[in-house]
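In the two complexes below, chain A is the common chain; its partner is chain B in one and chain C in the other.
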Partner chain A sequence: MPALGADMDWGIVIEWLKQPGDVLSRGDIVAVVETQKGAIEIEVFEDGVLEEIKVEPGRKVPVGEVLALIRGAGEAAAEPDVVPPPPEEPKPVTAPVTTAAPAIPVQEGLRISPAARREAERRGIDPAAVAAGPDGIIGLREIESAAPAPPRAAGPKGLDLDEMRKAIAAAMARSKREIPHYYVSRTIDVSLLMDWLATENARRPVEARLLYAAPLLKAAARALTKSPQLNGRFEEGVFRPSGAVHIGAATAIRGGGLIAPAIHDADTLGLDQLMDKLRDLVARVRGGRLRSSEMMDPTVTLSNLGEDTADAMYPVIYPPQVAIIGCGAIVERPWVVDGKVVPRNLMTVSVAGDHRVSDGRMAAQFLNRFDRLLQTPEAL
Partner chain B sequence: MTDDELAELIKSTLTGVAPDIEGEEFDPDETFREQFEIDSMDFLNFVIALHKATGVEIPEADYPQLQTLSGAIAYMKSHGKGD
Partner chain C sequence: MSASTLTMTYRDAVREALREAMQRDERVFLMGEDVGRYGGAYACSKGLLEEFGEDRIRDTPLSESGFTGAGIGAALGGMRPIVEVMTVNFALLALDQIVNNAATIRHMSGGQFSVPVVIRMATGAGRQLAAQHSHSLENWFAHVPGIRVVAPATVADARGMLWTAIEDPDPVIIFEHATLYNEVGEVPGEGNTEVDIDRAAIRREGGDATIITYSGSLQKSLDAAEALSGEGIDCEVIDLRTLRPLDDATIIASVAKTHRAVIVDEGWRSGSLAGEISARITEQAFYDLDAPVARVCSAEVPIPYPRHLEMAATPQVETVVAAVKGVMRR
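What follows is the complex of A and B.
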């Protein structure tokens, strides 16, 4: 069971999409796991053959538990009659565990998802009296069909906002406990960016229009390639900078809650590609499914508050990352340009950094570069 | 289209891009952002869907007129979609 983020300590296998004997390629989705942040698709990281499924659907298992065995390409198949063991053991489908995962007792006999259990509690239904679905687990569908629907619960279907709040609380408490945060901020004149965007969008059909989040992500990613101390992971007492910039794009969930799945290699993507990725991510945060790599890979997070919100934010780092960038709303304010006070569109950008890895000066240099890149949006 | 038909079209278009608000009551004069936490990505998707449903060209400069149900109805009427 991979740790799909610092705040995860258990997961429930919902279904296996591959069966023993199936040939797997890197990136294939093998299973769907229910977590506190909704259903996540589990990808494999290498080629091979699915040898054995160790955890059947419906079981709640702690992070680190082996879900299945994959025989790598070129490794000998295990044959019961042959004595010599294969040179390499099949690799377990799991991920490095970043936190000690407490063993979680599994409720014997009853196979029910946490969302379904909460929903059952809310409706006053005894889960033991509900027939399991075709996969042998009691899910939301089974609970919902067991009683007339009550008023709509806040939040997207299948996502338990109370569980998500617990997950956020755990990750943020860990962050505030372990990470010595510092903050720097800079007010950036984004008038040129907004003018360029207005001109660009005026000549684009509505389907191809850009949100300013796309150039923000691109400029941040490019600036981060020169700030290795802000981009990477701090694990087991060691900071490992990341060569690639995988920006977690913080996305709010209606009713409360937040997920920041990764946009991989954001520095190498064009604005249209970034816009497509963002659209896809938001859609899957809201209604669909995120992938395990998107949950595990972010090397830094960008949180963009958006229109009509607040002028600035003081974000909290999502461990094991070492920095988070917070963009306030764009506001029109008086600003001095060439000795004259003129109205300009301004955005206050904050960086929270991890003092175990970097200092405020490095984050200030990042903000300088970020500002410069935003002054030539056409070159992004 | 009558005002009621336009209202239904606009509601179903918004619900189409934000399925989790299905069944919600609409306050005609409150912004979608205030009522339903519609963010800029949802709103862009709403404008795209509204354009597809009606054929009305909606330049970015007109977005503020579409932030409420009553505003969106008035906008569609002023673009030839009323009775």
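What follows is the complex of A and C.
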């Protein structure tokens, strides 16, 4: 059971998407695990063959528990466990009942009885997160023995907002307890960026239009390549800078809570690719279906408040990361350009840094680079 | 007067019901093959010839179409005939009279004529009477609008349903399962025997699964429910009593409670009453179901003569138990 975030200590396997004998390639999604942050898809990091599933769906297991064995390419098969076969179930003496459902090949989708589906709805349980019985069917029994239904905050499918709030609380408390934060900020004139975006979007079809979040991410990622002390992880007393820039894009969830899944190698992606990734992430965050690597890999986080919110933010670092960038809303304000006061579009960007790893000066340098990159949006 | 109960056989209950009907209404008479001198194929009318005479207990020639038609004619003429047919297999010879005349005349006369005939017949397997005397064709009759079909499964219903049927202004067919005649049960004392022929009865209450059955399969279903209770499965058992019109309300209310239904019907599965009930459950209680509706029916073969094959071909306690476990996914 991988740790899909700083404060995850358990997970429940919801379903296996691969079965023993299946050939796995790096990046394949093998299982779905329910965590405090919703359902997360677990990817594999090696090629091989799924040899054995150790944890059946429905079991809550601690982080670190072996979920399954994968035999790497060329590896010999594991010795079979020397366990005596279980005693055979006594066969009923009656003739087989012809009313029993014939053996039907495994079907796609849930096999859930109408009554169970209705009961799950009544209890606010996601049937997809309920372990089927040994016959592969979800009936009333499975729903009734699924997690009892205390009043839960209504959230998107697969997310338990109460659990998420607990996870956020634990991570943020740890952050404020352990990380000596410093803050620097800079007000950046983004008029050129907004003008360029307006022109760019005017010639694009609606579905291909860019949100300003995409150039922000790109500029931040490129600026971070020059600020290694802001990009990496602080674990067990040691800071390890990251070569790659995997920006966690903080995404709010309807009903409360937020997640910052990684956009991998954001510095190398074009704006269109970034936009696609953002759209996909938001959809999957709201659907409660993220991938394990997205949860585990961020090396830094960018939190963008968006329009009509607040002028500036003072974000809290998500451990074990060492920095977080907070972008306030873009507002039109008087600004001095070439000795004249003119109305411009301004954005106040803050950086919270981990003082164990970096100093305010490095963060200020980052902001300076970030500013310059935003002045030539066409070059992003 | 007395509310005390009497203990008697199903056969005696049928005979008492016939006697009471003859006494209460002089328009009532009984006719059929061997009902008089022989006392009835299943001895239900034994002694009635001596008591009521040849005018009212009439032996007929071996012509089901003829004497059933005569009964229908008598009913049209204002009498209250009770026609006994030895077994449902033989009643096929009278199908034309029943389906084309008895069931249609009220409709075709614009309500001017009614046919208050009662037709009794034995049905079902279990007595090693082989393939021409053992079938369960109740569903063929229950298919037909214009007639009411009832199936007393208890001694009390055998005692009470006949009079209610006679009072019905339209044709009523009473199916008596051939294995029931020797069953002993309690009936209410004199004056309290009347029963309705509209509603199904819950013969055992339970919350886990509903067994829906009738006639000769009721006791098997109750025995299965008893066996299952030892395994922690709590069955409700519904006795349909009336096969046409079906009492949907009782069935649906029970399935809505238990979420699982097993229909035990000695008829053949294809085109069975069990199929009709299953369809109604799906139509009216689909969202209450936790398992597909299961049916325990007879094997689709002519009912065999050898005892072990006859048993293998028809619903038994063990097959009902297995079907209930199936819908319980156990």
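Throughout what follows, the second predicted complex is superposed on the first by the 304 of 380 C-alpha atoms of A that agree within 3 Å, B and C clash if a C-alpha of one lies under 4 Å from a C-alpha of the other, contacts with A are read in each partner's own complex, and residues count from 1 in each chain.
Just so we're on the same page, a residue touches a chain if its C-beta (ideal position, glycine included) is under 8 Å from a C-beta of that chain, and two chains touch if they have at least 3 such contacts.
Note that the structure is a prediction, hence the values are computed from the model and not measured.
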Which superposed partner A:K176 touches (first chain B, second chain C, both, neither): neither
Contacts of A:H355 with chain B and chain C, given as first, second, both or neither: neither
Which superposed partner A:N201 touches (first chain B, second chain C, both, neither): first
First, second, both or neither for A:G133, with chain B first and chain C second: second
Chain B versus chain C as contact partner of A:L278, first or second or both or neither: first
Partner chain(s) touched by A:D308 [first = chain B, second = chain C, both, neither]: first
Partner chain C, residues of chain A touching it in the complex: 92-97, 99-101, 113-118, 133, 135, 137, 139-141
Contacting residues of chain B [partner chain A, same complex]: 18-24, 33, 36-37, 39-42, 44-45, 47-48, 51, 57-61
In the complex, chain C residues that touch chain A: 259, 262, 286-292, 294-296, 312, 318-319, 321-323, 326, 329
Chain B partner contacts - residues on chain A that touch it in the complex: 152, 155-157, 198, 201-202, 206-207, 209, 211, 213, 252, 254-255, 278-279, 282, 286-287, 306-308
